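These notes are about the structure you will find just below.
Each chain carries a letter (A, B, C, D and E) given by its place in the written order, and its residues are counted from 1.
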Amino acid sequence: MSSSAVSDSRPLLSVRDLRTHFDVGGHAVKAVDGVSFDVYEGKTLGIVGESGCGKTVLSRSIMGITTASNASTSGSVNYAGTELVGKSKRALRAFWGEEMAMVFQDPMTSLNPVVRIGRQLTEHLRAHKKLSKSEANELAVQLLTWVRIPEPKERLSNFPHQMSGGMRQRVCIAIALACSPKLLFADEPTTALDVTVQHQILNLLAQQQQERQMGMVLVTHDLGVVATRTDDIAVMYAGKIVEKASTSALFSRMRHPYTQSLFWSIPKTSEPKHTRLSAIVGRPPNLAALPSGCSFADRCPYVQPICREVEPKLQTIDSHSFACHLPVGSTEAEAALSANISAGLPQSEGAAARREAQQGSLT
Amino acid sequence: GGDDDSAPADTPEETSEEAESPAEEPAEEPAVEAGDEAEGDVDTAIEEEESAVAYGGSISVGVEAEATGLRPWEDTCSSPCYNMMIAVFDKLVEMDVNGNYVPYLAESLTSNEDFTVWTMTLRSDVTFHNGVELSAQSISDMFPIQQAGAAGSSAIAAANLVSVEATGDLEVTYTLSEGGSAFPATLSRAPVGMVFEPAAAADSEGFSMAPVGTGPFVIDARDLDNETTFVRNDEYWGTDPDGNALPYLDSISFRPIPDEGTRLDALLSGTVNAMQTLRQGTIRDARNARDDDGADITLYEFQGNNVGGGMYNVLVPPFDDVRVRRALTHMNSQEQVIEALGGTGISLPGTQWFSPDSPWWSEKVAEAWPKFDFDGGVAILTEYVNDPERSDGKAVGEPIDVELSCPPDPTLIASMQVVEQLYTASGLVNVTMTNYDQQTHIGIALGGENGFVGNHQQHCWRWSSDDDPSVNLNPALAPPTAEIAEAIGLPGVVSPLNFSNWFSPTAFQAAVAATKTDDFATRYGLYESIMLEFADQVPVYYSGHTATAIGVESNILGLNSWHVPSGDLGIGFPNAEGRWAEVFIDS
Amino acid sequence: MGKVIATRLARLVATLLAVTFLTFSMTALLPGDPVNAILGVDAVRDPEVVAKIRADLGLDDPFLNRYVNWLGNAATGDLGQSYITDQEVMTTISQRLPVTAQLAFMAILMAVILAIPIGMLGAYKQGKWQDATTSAGVQVALSIPNFIIGIFLIWLFSVQLGWLPASNWNRITTDGLVENLKTAILPASALAMTQMAIFSRLVRSDMIATLQEDYILAARSKGLSDRFILLRHALRPSSLSLMTIIGINFGALLGGTVIIETLFAIPGVGFRLINAIYQRDIIVIQGITVFIATAYVVINTIVDLLYAVVDPRIRKG
Amino acid sequence: MAGSGTAHLRNGDDIVIRVEDLTVEFPAKGGNSVHAVSGISFDVRRGETLGLVGESGCGKSTTGRALLQLPAPTGGSVQLDGEELTHLSRSEMTARRTDIQMIFQDPISSLNPRRTIGKIVAEPLDVWGPTASDEQWVLVASILDAVGIDPESAKYKRPHEYSGGQCQRISIARALVMEPKVIICDEPVSALDVSVQAQILNMLEDLKAKYGLTLVFIAHDLAVVKNISDRVAVMYLGKMCEISDSDDLYATPAHPYTQLLMDSHPEPDPEAIIDETVVLGGEIPSPIFPPSGCRFRTRCEFADERCANEEPKMVKISDDHYVACHHPLTEVGK
Amino acid sequence: MASLWLVLVVFGAIYAKLDTSWFGGALPLQDPNFQTNGFIRETGEFGTGQPIEGMSGAHWLGTDAIARDTFARIVHGGWVSLVVVVVSATCGIVIGGFLGSLVGFVRGRTETVVMATVDVILAFPALVLLLALVSIFEVRNLFVISAVIGVLSIPAYTRVARANSLAVSSREFVTAARAIGTKPRRILFREVIPNVLPTLLAYTMVAAAFVVVVEGSLSFLGLSVQLPTPTWGNMINQARRDIKINVAQVIWPSLALTLTVLSLNQVGDFFQQRREVRGSNL
């Protein structure tokens, strides 16, 4: 995976101002609220964010498989020149599986427990491509070989419960790859798996993606996962993208306080034991009643009055986008943080401790 | 559910045959096609068939229940069962249109002076279905089997029959321990009077499925609870008055259809060609179908002696006081009950054990019977209630308690609620209503353990049949308890069938006397006196005579015009029992 | 597998012992005397005659003796003879069980054939008018007593249209299948209505749960059509409770079609059972009860085994 | 490795928990049994935090529960303050439960949805003696306060009105209310969001200091375990592989399995090198039929015949660093 | 809609049963047992009512075979259904619910025995059991009938409760309760049963519908509540005889039954749905 974030070729997928709102008792739950990004062929976009920030809804809205009757989606999703938003279910079906595919979070539940692996692997192929049974079987064996499942022939007649979690997820990937889609959504594909298995699966995905030059959207809540396996990262908070940059740029310089806080709150093996973590205080806002201004304001160590009044726009500097009035690293931000620390703002405590520790280690 | 529609009713389902003693007085000439007379009650239409007879064809008959078995000596037989048995078996004695017992398989039947020895000569040309010839020996061989059978043993005991001997090739001698003039009635009823092939009867269960008799039809197939089919007996001895061999039909089948509505629907839809019913409601519906909807059916209705109603247990206070019984009877409107039963215009109110069509019917009794007279009843009851010596031991002025019980049949339930409201309206009666299923109901009335007294109070019941009056009446008048029997010097003559436990020496003696003579006038007088005593003492009450009917598709003829060997018309179709030998399909 | 069958058998035997004992006690508690049914009401009760009948039937033996005797005979396949008709209970059952079983089977089959699409439609269109309509229809069917349906069917198809016989039963053996079906279709339909209602409710709610599963969404994201998903992915996992209830209800129908059997005059088990109860024909009650209980247990065992066919997860254990 | 042995057990008065040769088996179909935990030993000092890591199904939770005798282990010994728990009768054990408490992985499922927070937290007090409810409440409130839940509003609220992190705080409060000596934390943060995870970890550290707690901390996330533990034990398929001071363990892992775990752990660092060869690391074998000898040998690149025949025992490789392996990485020179 | 009907039925039943003089007797409910063609003491004559009559101003839904007001009988009949439902649900929840919760919680031999018993009862032809139980009692008042139906509904409740109790018992808060040393009995009553109850209550709605029908069937066999108490079941049964003359008399009580069952099911569904949050994926 190269680290070049921008390619001048046309994007494979272009999402503009996508909004998916759910109507819950008259209130709009703004699960996805004005999201824009591009995905290029052969590149991986990581989407990171806390639980409930709208990652899943986002990827499903792009594909158009949101089914909730209370959902309404607007904006534009342009896939290789075709506008997907507003297309009928029937029309979309032609894209699903063949053009774009999805790998789900939980391999235990995303395979039908009562249908043999062989059939699940190829039923859509047979539907889309009118394959004969034996052709389909051959292909199924090949798919399992691709995802490195030993004894693929024998596995075809297995039921999901006869396989381990890692194998099942590989089967899911094989299913997704079956029609050679150009775009793959992987919605937290490894969250339910052990680290060692996660590692295998991520490797497998990366490999396949490279071989096939697929575009991939890798959704996760784990910064560790995206760090080494994506070309670009978009950080989501409360239904919006708050920061977006190439992976290397993002990790070298986090501009949004949320990204930074998230990064800081994760324990790292490189740090000594009992290292104090700087937790983000509070919890994500209720998507049905977002505060005015910046949604992160209540938890932000840098918060200033303006943050609560004006919603920050996503601004791009050197192809690094962020939506913040006081981007991290700016002098205003430093000043704001100092002020907040001295004011004893609880959400700044972590930052204060960290600053102290840093200073301590410097001296 | 179940065949409770029919079963829980009362006694007539269990045993009720047509019978009348050698009567002089002919029944009123049957006339009009039944149904829409001015007065509205059912009348019996027995007349010579006009159409030319035709051979061939099959019919199926919907009956209200399955015959528990086709063994005359063993199985208790109700109306549906009789329909089937009569197809296979011939009776020794039958009843003609005038209500006389006349020889049937017998050629003659005579008795000695005191009715203890009866000599019978059989027809000579008769063979059983299995080819065995009917002889006097057959009849005497039947006797041990009948003695061992549940139905036979009871009937033999009731008739005091002690021996049956073949005293010639075709001559049979019956000896009774105690003479009875109504003995021919016994020979007209299934347990003793129906002739079966004794050798075949050795295999009791097999016989029930494949009975062997001398009757007009031969058993073909018996599928219990579904269909029993009989085919023409080509060797049948009987002929019609013109000498044509009987029967006319090629085959006949009987299908038990317990649900009244379905049974009528089965006829209306052609699923069956004929059906029987013992319910006024169904007769009403069948009449409506015929008259209003133009259904192409003929209804043969019959108003029998059988009378519904109930009993008061006179051994239980307050029913031990005749005032209470009389009062309650006055307060009971039969018209109202009949309406509730769906029998308005179909059933007649009852005043005695005989219907107005019966030779035994007495105008005098009808006059004497306590009519509906609410205020009169209240007056009598008030007298009782205010009697400081009142038998139920309650305080003066307090209402009496009455437990009214019927089997849980919707029709009876309706009627008992009518009675309840009438009683309650007086303000002098607290009524509790109970329903027990048929067997429980019978068990309670019989009493069993406590010397057949029972602790019932007022129970639904049915009385009488078209048999000779002695058949039903005599057991009902016998001493109900050992003490009473002892007291009148007849130890051991205890009758469980005296359900109301009412005992009157005079009535009992009259009943006994009536079996010692065959003079109709004398017997009529005796039975009239008993009925008058009933009207005075009121051990039982009535809620209307039972109308029965057989409905057939209108091209089925001959049901109302079968003959006894003498060429006279037979009794017809009492209790919805058809004689099918002379039935034919008019083409 | 051998062990599984052995435990099953042991359970069957234990259940049957309990059921038979219970039946015996129940029938012993019922008021009323079989002798009355045998003799009829009007028969004069000669004490000797009564005593003889009681002795013949063993009615005077102690309760436990009777039970043990019966059990001993039953173990050898002899269920005794009816008090009333003297027919072998085995014969009684062997003539009637096929009838009731056919009715029950047809009713269940018709119900399932109707219920699955109805239930699926309801689940698929959950909350929409299609769902509301079918649900309401189903609940009406559920709450109309089935004899009312039966009466209506007779009125319509027999009396008005004259297409089908109003009652009784044509046996396949004697009348052939077509004639047999003519008599079976109406009562089976009447029975099927209630079952259909129960089944389709079940299918609907199970299907609703299944449709919430991730693998349904996964199947959709593969580009499969809704129809295909419903039939090939959702139906099987949604039919587990359906199978259970089919088992239970089939068992219940074998013993409980009394009302319909009576209405249509069908020579089935229930018809005989209710008559036996009314006549206090204890030996017949006992025999039929044992058969129904056996059928119930056997059918439900089969259902358990079928589970494994439908749900491979169970197969392994 | 994945072996047994007791070389790593320490002596001293301050040992609160001492587990020796703990074995837990569950009956499985066909007369087999699940060897969930097979002869592991460890001890915990007062005030120490022991981390337990390992892949899913390796027996971490089972170990934790066995400490509480829920259910009682199949074999081995569990000593709490020198008292053997496995021999206690049910009622005696019940009496000891005040000393050792547990926090569960799923915060939502471990709180009864139909009871109020006030009742849930006070429940141990109700069970443990008739304290006047006013007094009770004072204690409950102080502890709720300590875990960062507003006591007044919590009193009548029910679990569903709280987020996962808050529910976890509540279940911690429930454990604390009994003033236990030891708390077993069974993956208390695995179900929580990263941001909340940090809050809870920080809080546990604080509470530990405040109440002088001894913790057994179960997790599958290496970084989390390292952060909170003084000493870490690595488990594999019911056996213990390695136990060491946590800094030491991470600096110089000795067991190939520990190494595999570390290689697989995704560090949030784009520069980290990914070992792309770990595509086929093999699957964890069934605990019903565990491999002979070293249980890890089926996935181990160094496995040889000895590993199949001989079960490795715990050996000391440096100060407070023990490993059960025939070919520890420190020796192979990796 | 559904609950409106139920409220109407319940109100009607209670109103009819307890005090017809509420609202100054303004509600036009007649005496359900009064035969309008019956004998009137005061006048010494029979009433002018007609049996099996159609709808009219005097009798909104007509009259039955003995000229009683069908409307009044239907309203009063609701009382029986109400009591039967309440009593049988109580039996079911208290006994079946407890047993099921218990065995789902303690498992082991108790569970084997209880569930085997349940199986035996279910394997028993319900009709025989029903008939036998009903016949054993001397009196057949409303309570006895309800209790019999209640006893018969216990197995089903036991099954439902057990299935739920199994699930609840494996939840972690039960382990947590054990961990703090709570005694099993307390766990059962405080932790398990409260969580089994809601499902049981939802099931009650469905079972109630069934119970209403069972009472109808019992009436059909003439084995339900003692006369003259009206029940929908015995009304249908009685009117069946005259169905060829006046179908409506069968239809009205059937309709009441149908609507009630329908409503109960709907309310049951509503409760069930409230606990379901996820939507369909299709």
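In this section, contacts are C-beta pairs under 8 Å (C-beta built on N, C-alpha and C of every residue); 3 or more make two chains touch, one makes a residue touch a chain.
Predicted model, so just to flag it, every value in this text is computed and none were measured.
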Least step count from chain B to chain D, where 1 means the two chains touch: 2
Graph distance between chain C and chain D, where chains that touch are linked: 2
Chains in simultaneous contact with chain B and chain E: C
Leading chain pair when contacts are tallied as C-beta pairs: B-C
Identity of the chain that, by mean CA position, is farthest from chain D: B
Inter-chain centre distance, chain B versus chain C - centres from mean C-alpha coordinates, in Å: 38
Centre distance in Å when chain A and chain B are each reduced to the mean of their C-alpha atoms: 91
Chain centre separation in whole Å, for chain C relative to chain A (CA means): 55
Between chain C and chain E, centroid-to-centroid distance (C-alpha), Å: 23
Chain D, residues touching no fewer than two other chains: none
Where chain B touches two or more other chains, by residue: 1-2, 4, 261, 436-437, 440
Where chain C touches two or more other chains, by residue: 30-31, 151, 213-214, 217, 220, 226, 258-259, 274, 277
For the chain D and chain E complex, residues of the former touching the latter: 65, 68, 70, 94-95, 97-98, 101-102, 104-106, 109-115, 123-124, 127-128, 171, 174-175, 178
Chain E to chain D touching residues, read off their complex: 171-173, 175-183, 186, 190-191, 194-195
Residue ranges of chain E in contact with chain C within the complex: 116-117, 119-120, 122-129, 131-132, 135-136, 209, 212-213, 216-217, 220, 236, 240, 243, 250, 254, 257-262, 265-266, 272, 276, 278-282
Interface residues, chain B side, partner chain E - complex: 1-2, 4, 8, 260-261, 264, 281, 284-285, 288-289, 333, 336, 339-340, 342, 374-375, 407-411, 413-414, 416-418, 420-422, 425-427, 432-437, 440
Footprint of chain D on chain A - complex, ascending: 3, 50-51, 148, 164-167, 194-200, 202-204, 206-207, 221-225, 227-229, 247-248, 251, 261-263, 265-281, 283
